[in-house]
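Which chain is which? They are A, B and C, in the order written, and residues in each are numbered from 1.
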Amino acid sequence: MTLSRRDILKIGGAAAALPLLGGTAFAQEKLKVGFIYVGTINDNGYNYGHNQGRIFLQDALGDAVETTYVENVPEGPDCERVLRELAQQGNKLIFATSFGFGDAVIKVAAEFPDVKFEHATGYMKADNVGLYNARFYEGRAVCGTIAGHLSKTGKAAYIGSFPIPEVVMGINALALSGRRINPAFTVKPVYISTWNDPAKEGDAARALIDQGVDIIAQHTDGPAALQVAQERGIVGGFGQGADMSAFAPEAQLTAIIDHWGPHYVNSAKAVIAGTWTAGDTWEGLKEEVVQMGAYNKKIPADVVADAEKIRTGQIDGSFKIFTGPIKDNTGAERVAAGVAMTDAELLSMDWYVEGVGQPV
Amino acid sequence: MEMLIPIIVTLVGAATPILIAALGELVAEKSGVLNLGVEGMMLVGAIAGFVAQFYTGNPYLALLCGAFAGAAVSLIFAFLTLSLSANQTATGLALTIFGTGLSALAGAPYSAKPIALMAPLFPDMLARDPFWRVLFGYSFPVYFSFFMVAAIWWFLKRTRTGLILRAVGENDHSAHSIGYSVVGVRYAAVVFGGAMAGIAGACFPLLLTPQWAESMTAGRGWIAVALVVFASWRPLRLLAGAYLFGLVMTMELYAKAGGGVLAIIPSELWAALPYLATIAVLVLISLRRDASTNAPACLGKPFMPAN
Amino acid sequence: MQFRLEKRAEPSRFMLYATPVGAVILTMIVGAIIFSLIGYDGIGAVREVFLTPLTNAYKWQDLGIKAAPLIIIGTGLSIAYRANVWNIGAEGQFVVGALAGTWVALATYTMSGPWILPLMILAGVVGGALYAAIPALLKTRLNVNEILTSLMLTYASIQLIYYLIRTVWKDPMGIGFPQTRRFAASAQLPTVIPHTIVHLGVPIAIVVALVAWFIMSRSVFGYRMRVVGAAPHAARYGGFSENKTIWLAMLVSGGLAGLAGVLEVAGPFQRMVPGFATGYGFTAIIVAFLGRLNPLGVIFAGIVLAITFVGGEVAQTTIKLPDAATGIFQAMVLFFLLAGDILVRYRIRRVVTTPAGAA
């Protein structure tokens, strides 16, 4: 692999950590940082992404931190136990990386006031519980731009597990950005009621392609749908969570890469320096928590330029995908012209924009 | 008609692994052994097949490795239930837990690695033809599954060995008293079942999604077990049953993708449908008069010759 | 020299109790060897998985709340299995029991009072029993195999959770996530030991097992279940109806699974979430067997399995043992136990052959 932005960041992070080491490392023990994942670190998707973030943190801060993780932690009491275990083992900063860990984080955080917790994608805060999330939908807007240009049938599909707000936001961002390019562009959402059944994901992709869909986006943990896109030779799809081009070199147009590393480094540094406070961050392309994978070589230059415009526009703040006028899929206007949806509105989004088929 | 061909092609892909695993389980059950470890054996076969394909790129070798791996773990089951006459239900469940864990452990280094799909058996001229692919567009395991339906039917109905196998399953003590090795026959049947489950598991990375994912068979081993009862232990009915199940699973996705009348069924009901359909069919089968008589009489019962 | 199996006149009581302990010890030894061979710290793995949860007093509360549902479900299953009724769908009955309890909790959300919790528990037991009544009905009326129906219903029950929490029961404050609102205080299971997480379900589990033991060993009901399981023909001769026994076995095991479910949702969860079903109903099958289908043994077995779960997590953090190892250890315990079963009914005799054969 050539030197990527990721590596440069890594080196930068390590250099930034040096002064800290000089100042406090001798007086202080290593900061122990714990992570809990809802699935396996080998899912090539969401949990893989968080674990890459952990490795990034370990590499960046080196001897200043010691990281530990527990995978396949069920949401509920089991998670509570694991959190307690990590706190008891001396982890002073704990990242709970799934929405369903929320209740347990709040409960355990009350028992360990000197331990800092950060909960990904949640909504319940406390003095020692911070929240962090990523604006994945910004990446979807880039994908939608490419899809709007490249789709010949004007029909895209979105395979999701369950209709949670993050997935709904992703579907809507894809549709809105695609329709900016091609007003006839539509998105068909299909929910398969499982996070981990690659064969079913694959069959869903097959069914969709047979119905004339030539762009497939998926929001499940794994590359199964992209592999089918590759096998069938349709226009393509998008990697989710991680770069999946190894699985579908022709079909992956680009990928939305979860890059939690910088956030983890910042939080760990803040804890070491004693400046950590319970934050509520929702970072995206700008902070590089969401990154785009390389554009596929088959995408024409003008399309890449357009996609880049959306990407950079979201970085400098000049472009916001959820800006009115936005109609929902019944034709009613939901957002007035020129008004941008607030974060709170986005985080509880449960309706679909015009051009999205209504799933049951 | 134009829509029918793609649906059939997807349906065949969904039905084939279930059919292969169920055929193996049918033979084991005919000999009187109920092995509930199919899901675990499939997963072990899946990872073995994946690894073989990853290193050699030879899908036939990969299927063979899947068969060997499935057979190897089925030996644990055979030893416990046949040599030590342990409870078959519990041992089968333990085998599923074991296979799930073992495959996850063995598969961890291979998660981010793709492999090549198995190519169709027939030349592209036929396999890629928009119409003829409905017959010729599949890779080897699909044709293998059809062949095995016929072969197992013939074996059980027409051969002496098949007769012995059935005798062992129907009345182990008489089979023993006329000099057949009950335990030996059952060992062979269980290992055959394991090998078939292993091949079925290997179909997942080779035919459906060319990757390794933990628990990627996602409960289809259980459907295979149910299918055997569904088919009242008859290979031809097993074929029909596997395709009916494949159809239920495939229709869900086509209905959601295409809209129409069926699309009003909630996603969760669709997901539960294969299981509810199993129950419905078990009920229908049981309403037939000959239903109870067709189960092997010694199914699930340990055999210990009185010495 | 050769060994030969010889049937005991009567099952060995010593072996009956010694083999589960032997199975655990053998798992530790063989597990240490196997995990060392494949490149992990095998001895460390066994230490962390099997011993740390016991030696660290802080972990005992975790063992208690993890073991409680296993013991309750395992007790019910051991009664059913004694009667040769193979309910392997306890997970589904656990789920439906919890859903029934959730229904009461949500319906009484704006109310309070000490009657809510008992009503929830009642609903849970009834819910679990009703869900188990489906396989019972199919088995007794149509002779449909209960193993398959109860298992298939488990998969359906999990989809039922998804459906309910996505539609009618969705938390209005949950920013669109599919889960119910948090139960009101009167619908939450209280803790019984201050400053711990040990909730009322833990003593209930012990009481359930003790009562079940008493009934199974001292009452006509228990006698009947055991007789039907051990000798169905004799039972029929003795006037015990096989169908009645199937009904009883399914309703008791389903009701107890439902009880475990409602205690779990009212205790540790306090709301219904998509990840509610984590496999207690399946693990309880191992518990029932490891406990020798005896409610007292089930208490022991429930704790052993709880240890492997809690210890498996410890081992992930301390020696980086992958999560999959927990399943392998659990399967090994069951394999060794089942292998050891033969020693209960048979004794191993050494057969000395003639020296000529050896030379």
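Criterion: contacts are C-beta pairs under 8 Å (C-beta built on N, C-alpha and C of every residue); 3 or more make two chains touch, one makes a residue touch a chain.
Every value quoted in this text rests on a predicted model; they were computed, and no experiment measured them.
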Farthest chain from chain B, comparing Cα centres? A
Counting C-beta pairs in contact, which chain pair has more, B-C or A-C? B-C
With chain centres taken as the means of their Cα atoms, state the distance from chain A to chain C in Å. 37
For chain B and chain C, what's the span in angstrom between their mean Cα positions? 28
Considering chain C alone, which of its residues make contact with at least two other chains? 159, 162, 166, 322-323
By the touch definition above, chain B meets two or more other chains at residues 104, 108, 214, 266-268, 271
Interface hub residues of chain A, defined as touching at least two other chains: 40, 193
Considering the complex alone, what residue numbers of chain C touch chain B? 7, 38, 86, 88, 138, 142-145, 147-149, 151-153, 155-156, 159-160, 162-163, 166-167, 282, 285-286, 289, 322-328, 330-332, 334-335, 338-339, 341-342
Which chain A residues qualify as touching chain C in the complex? 34, 38, 40, 68-78, 80-82, 84-86, 88-89, 99-100, 103, 123, 162-165, 168, 193, 347-350
In the complex with chain B, residue positions of chain A that touch it: 40, 42-44, 48, 157, 188, 190-194, 196-204, 206-208, 210-211, 213, 222-224, 227-228, 231, 246-247, 357, 359-360
The answer for chain B against chain A in the complex is residues 3, 6-7, 9-10, 13-14, 104, 107-108, 111-114, 117, 204, 208-211, 213-218, 220, 249-250, 253-254, 256-259, 263-268, 270-271
For the complex, give me every residue of chain C touching chain A. 58, 62, 65-66, 159, 162, 166, 174-179, 182, 197, 264, 267-271, 273-276, 278, 309-310, 313-314, 316-318, 322-323
